[in-house]
Amino acid sequence: MTYSFADTLVKIWEMSGFATITWQQLVMILVSFVLIYLAIVKKFEPLLLLPIAFGMLLANMPMTGLMDGPLGDQPGGLLYYLYQGIELGIYPPLIFLGIGAMTDFAPLIARPSSLFLGAAAQFGIYIAFFIAIALGFSPEAAAAIGIIGGADGPTAIWLTSKLAQDLLPAIAIAAYSYMALIPMIQPPLMRLLTTKKEREVKMEQLREVSKTEKIVFPIVVTVLCILLLPSVAPLIGMLMLGNLLKESGVTERLSKTAQNELMNIVTIFLGITVGSKAVGETFLKPETLKIIALGLLAFAFSSIGGLLLGKLMYLLSGGKINPLIGSAGVSAVPMAARVSQVEGQKANPNNFLLMHAMGPNVAGVIGSAVAAGIFFALFGK
Amino acid sequence: MSLFESLQIALFGLVTVFAVLVALSIAISVESKIFNFFVKKKDAKPSAEPKEQTVKANLTDIIPGQLKLIDVDEKTAAMIMAIVSDESQIPLSELNFKYIKAID
Amino acid sequence: MTYSFADTLVKIWEMSGFATITWQQLVMILVSFVLIYLAIVKKFEPLLLLPIAFGMLLANMPMTGLMDGPLGDQPGGLLYYLYQGIELGIYPPLIFLGIGAMTDFAPLIARPSSLFLGAAAQFGIYIAFFIAIALGFSPEAAAAIGIIGGADGPTAIWLTSKLAQDLLPAIAIAAYSYMALIPMIQPPLMRLLTTKKEREVKMEQLREVSKTEKIVFPIVVTVLCILLLPSVAPLIGMLMLGNLLKESGVTERLSKTAQNELMNIVTIFLGITVGSKAVGETFLKPETLKIIALGLLAFAFSSIGGLLLGKLMYLLSGGKINPLIGSAGVSAVPMAARVSQVEGQKANPNNFLLMHAMGPNVAGVIGSAVAAGIFFALFGK
Amino acid sequence: MTYSFADTLVKIWEMSGFATITWQQLVMILVSFVLIYLAIVKKFEPLLLLPIAFGMLLANMPMTGLMDGPLGDQPGGLLYYLYQGIELGIYPPLIFLGIGAMTDFAPLIARPSSLFLGAAAQFGIYIAFFIAIALGFSPEAAAAIGIIGGADGPTAIWLTSKLAQDLLPAIAIAAYSYMALIPMIQPPLMRLLTTKKEREVKMEQLREVSKTEKIVFPIVVTVLCILLLPSVAPLIGMLMLGNLLKESGVTERLSKTAQNELMNIVTIFLGITVGSKAVGETFLKPETLKIIALGLLAFAFSSIGGLLLGKLMYLLSGGKINPLIGSAGVSAVPMAARVSQVEGQKANPNNFLLMHAMGPNVAGVIGSAVAAGIFFALFGK
Amino acid sequence: MSLFESLQIALFGLVTVFAVLVALSIAISVESKIFNFFVKKKDAKPSAEPKEQTVKANLTDIIPGQLKLIDVDEKTAAMIMAIVSDESQIPLSELNFKYIKAID
Amino acid sequence: MSLFESLQIALFGLVTVFAVLVALSIAISVESKIFNFFVKKKDAKPSAEPKEQTVKANLTDIIPGQLKLIDVDEKTAAMIMAIVSDESQIPLSELNFKYIKAID
């Protein structure tokens, strides 16, 4: 071939983004800016939302080939390879390993009835599932949308990557955004559904939990949950392994790495690749708006579920349980427990609900993992 | 999927979540009772280990408390707080120190 | 399809572990509990034994699919993917990279004759190999069983993953358990085989080793060992690279990561996936008991080999070498060297053998890697 | 088969390196020793040169199979698997993620004209490319050789792995060696091309840069560069993500891991596998000497390009710009900026050019990534 | 590839690098101007945050300066310097401390 | 595989391990001698670098020794020990400090 300056210029121009960018890509880039703003300025779960937003930005720059699979002997794009960790279901369990190593289940062990609240606060999952079906979503998509109500990012990403990959970015963004918005979503519902008298209840101090109980706990949970629901093994198994590494007291260096470096590496890769699925064609659809609306609904009804069971436990316990700890059952650790603390203190300045709300809060993590396991058992390939 | 079916699945799911978590709650209660039974047999205060007290400490720490300095000057205390904050990667504003005591 | 509540319940039940668990799985779960107990309460090499035990627990929960390979376009299970690091021979060399970055070879450089003891203390490998053949094991299996006598976890895992994957969990568990039991296995043999006079010998202080010698050492070992025995390259190469990163003094950040975060991540993955191979069908066989017995034999005879050569060196040196340092040649760093120190001090309270025993101790790591290389050269695919 | 001691000995000997080593391998081993010496004693970019040299050593030991691909059901060698991170273009962008998290672009934001110098100092890339074509190299090889003049290791490795894998070790070694030699290459050119009066110029203090500008910067660079040149996305995208993680102030734990543990792990793997491509057959060719000569040329002309534009800016600014900061535009962060500082201070002891030179210095990183993107757009598969 | 072609490509490449980096430089200038316009509207000294001062500090730090100790004894200062050096993995010889001040 | 064969292999293996490790031991001895020959030529005490002394220090450290404080108060010493223990991830009980000396 003869080389020509002009031809090269044309070739470069034709391969540049300016020549080929679509309006969908432009809109998605603007959406990524909004998410970056929310992550940095509004501090919306920035550890995940910032990488997600940046992944979205990269994925919507035209002609980069970042998400292309390998073709013949030509390797694929960077984000294609990093995405394999989601595709193959590896990243979410590793995040759970780190979360397990960071979680103190003592408040739950001291008051096992917290688990009831952690179950009730999955209520919104099923409300959203039901309405999603009514709106015409497929059962798989409806399940993935419903799981937003579990208020647990890795669980939502895990289930969606198994059942409805196209919805992955919308569901992940909704889940993390609403988790960040918990301090705005929950308080109105809390004041609506509880009386001042209920909110004033000071709870009995939790008993001390021995080291042995803390060590036996992750083993019992692993055995029981996975026997009952084998599909939940990757999530509950890794969560409890992380917790065992922490509580055993003999594997501190593994526990530290699981909750720091390993988790950070996986978080970066998980974030950018979840974001990179948000390309215009699949994201800019009415479905996305529906998902966002259904996600909010799911969060609200999960909170309501927790609060209502909290009220029932208030009654049955003769007023010993403050129903405000119920809404913490949605998980969103530790944000939701802090909201319970704040609302409790507003009603009674001497009321310290934080530790009491941590029980339902960590129970909610188990609860939504179980809910995800059920959906996967029903609709998984 | 019909609406009726989806309602059934939703109910089924919620019931199953409750079933699993209630089962778990029972298992933990039983386990705790067994454990505490054995412990009481052994001796009176075996769980008075420092680790166990942190739960209690956390509870009372929430009260915006005063920092007690025991045999430590303020400069040293500030340094310790800075080191702990840096090492633990928790901003100082979020760390609560109950007291800092010199090792004599 | 029409959906029915009852059908779903049946489906869930049929897919639950309660309906499908086998007695082998139950037994294996109990075995995993015992190992967890040993790791946490008895502190048996918990960094590896705890993840191994937890992997065993997960692998024997029914119906989880954690170890399933990919099928069509459906991805495989989490532990299947994590296991690839063993399958492809990647994890053990990376562990060796970290070990190399943690090991100080100065005591060995100061007294190169330590290497004789590091060779003699591989004696048990060959005793166990011989008896394993006599018991009817295949040559590949016998070699993997013999290598337990090398008292070196990553080496044993590396060789077994190459020659006899079915035996992997049994051999790994035996290797790590006996390493933890060194303080019980060795002292009786030490007292049996040495006289009090021998044990009382105070050894000459080791000469100082210069920085240059420490830097040249890993390069000499790499070149010589791999030229003599190319199959040993992944193990010795990575061990010596790690040591070079440490001793060079110019790559401290690489050395730190190799011995901390990288090693911890690999240890977690290695542990759970080694454990996950311990499924009832392959583990609950008379072979496993034979392996455990042969492993103990291998440890004992390796210690004996080191002690006997120690006695010979005591004689040849005119009583300058304390034979107690011979048993440290099995490797099991630094446990075996500490045992030498303790026994020496029992005989003579002013006797400090630790540094002298560190030479044979680290020589034993090289020794067992060489032994593994020989077996791989003979029986490897 | 009947087993015979003699046969085994022969088999072991035949499979040993002594029987099979070639003179090319011997030479390469000696070359690796020289590189280890340069890395440790002369401190030539040891973080990469030491792993590269060790990888070269391992790759030239005979019969190890470390670089062999999988064959049938037999897995490949360790270095084959670790090399996939280069083959698939994963390691260099991850290194850039860490570099981005370590880089302060404030001096560049405060004086955007620094970017002109960062462009001019890529001059040597095109001189070397032109001469390489004249010497008979293929366009792909010439581009990879030219990029040495970008004075940026990961960029050079990324482009070479895409265009001319055979030249990878030679180009990587040349790039890192010359980066280490910057304090010897640049000063003579600086004194030759500038007058004492020019070198004495004290520059105005840089304005303060606000946090918002620092946060917006990586986003602007990402959007603009990738729109103009999509092929640059993996490098610029990851560099800017790293910088955003740092500057956002809300993802500190991700930023820390990106610049420490993740970067260290990738650096070790990148180094040994780049080195492992340096086998005698491909390395011991006249081309390698040509590459080394052309690399020096490229470095020199890149420095000259930066200095000449610096002189022009000195003139146009009425003597406000010290042309010495121009040579820092080659990148080689922060070495080249330090050289500008030192030379400036020699001319005028009160002259502090470091911060002023950091602008062109970090601009040079962007500049060479852009140059690599252009080459990839033109010659990439 | 002919020499003439390669010369063209070289020129083209250099021009494109310049084009991209000049475009970037314009974009950054514009962005900074927009930003500073908004900031001036808001208030007079919003950028006086501690973080911003580090750029300035770095500039002047290069002067092989004297370390000022404000209400801190030398022993404490030495320890702080050692900790910072260790934590930041920068050799002490390469770290410049302007002053070490006690937090009162 | 016959027992005789396996015995041969076992012997062969043990002999080879010895051969490799003895070769290694000779190589290291030779290398050390060469190195020390060159060092003696250079000067008398080049290996008196602090790093080298750690081997010696380790040897004597085993004696459950006394900690000497040179120009350092106990509080500062305790803090240094805590920092070193934390940084090195070695429990305090396993760390032996010979002396802690102030940098004047």
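Lettered A, B, C, D, E and F in written order, each chain numbered from 1.
Here, a contact is a pair of C-beta atoms (placed from the backbone, for glycine too) under 8 Å apart; a residue touches a chain by one contact, two chains touch by 3 or more.
Here the structure is a predicted model, which means the values were calculated and not measured.
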{"item": "More contacts between chains, B-C or C-F", "value": "C-F"}
{"item": "Option in C-F, B-C or D-E whose residue-number contact pairs overlap A-E by over half", "value": "B-C"}
{"item": "Chain centre separation (chain B, chain D; CA means) in Å", "value": "48"}
{"item": "Between chain C and chain A, distance of the C-alpha-averaged centres to the nearest whole Å", "value": "39"}
{"item": "Residues of chain D engaged with two or more neighbouring chains", "value": "8, 12, 228-229, 253, 261, 374, 378"}
{"item": "Chain E: positions in contact with at least two other chains", "value": "1, 9, 11, 16, 76, 79, 83"}
{"item": "Chain F-facing residues of chain D, complex", "value": "2-5, 8-9, 12"}
{"item": "For the chain C and chain A complex, residues of the former touching the latter", "value": "8, 11-12, 15-18, 21, 29, 33, 36, 39-40, 43, 46-47, 50-51, 54, 57-58, 61-66, 74-78, 81-82, 260-261, 264-265, 267-268, 272"}
{"item": "Parts of chain E lying in touch with chain D, wherever the complex brings them together", "value": "1, 3, 6-7, 9-11, 13-14, 16-29, 31-32, 35, 39, 46-47, 49, 51-53, 55-56, 58-59, 62-63"}
{"item": "Complex contact set, residues of chain C against chain F", "value": "106-110, 112-116, 118-120, 122-123, 125-127, 129-130, 133-134, 138-139, 142, 205-206, 208-213, 216-217, 220-221, 224-225, 228-229, 341, 352, 354-355, 363, 366-367, 370-371, 374-375, 378"}
{"item": "Chain C contact footprint on chain B (complex, rising order)", "value": "1-2, 5, 8-9, 11-12, 16"}
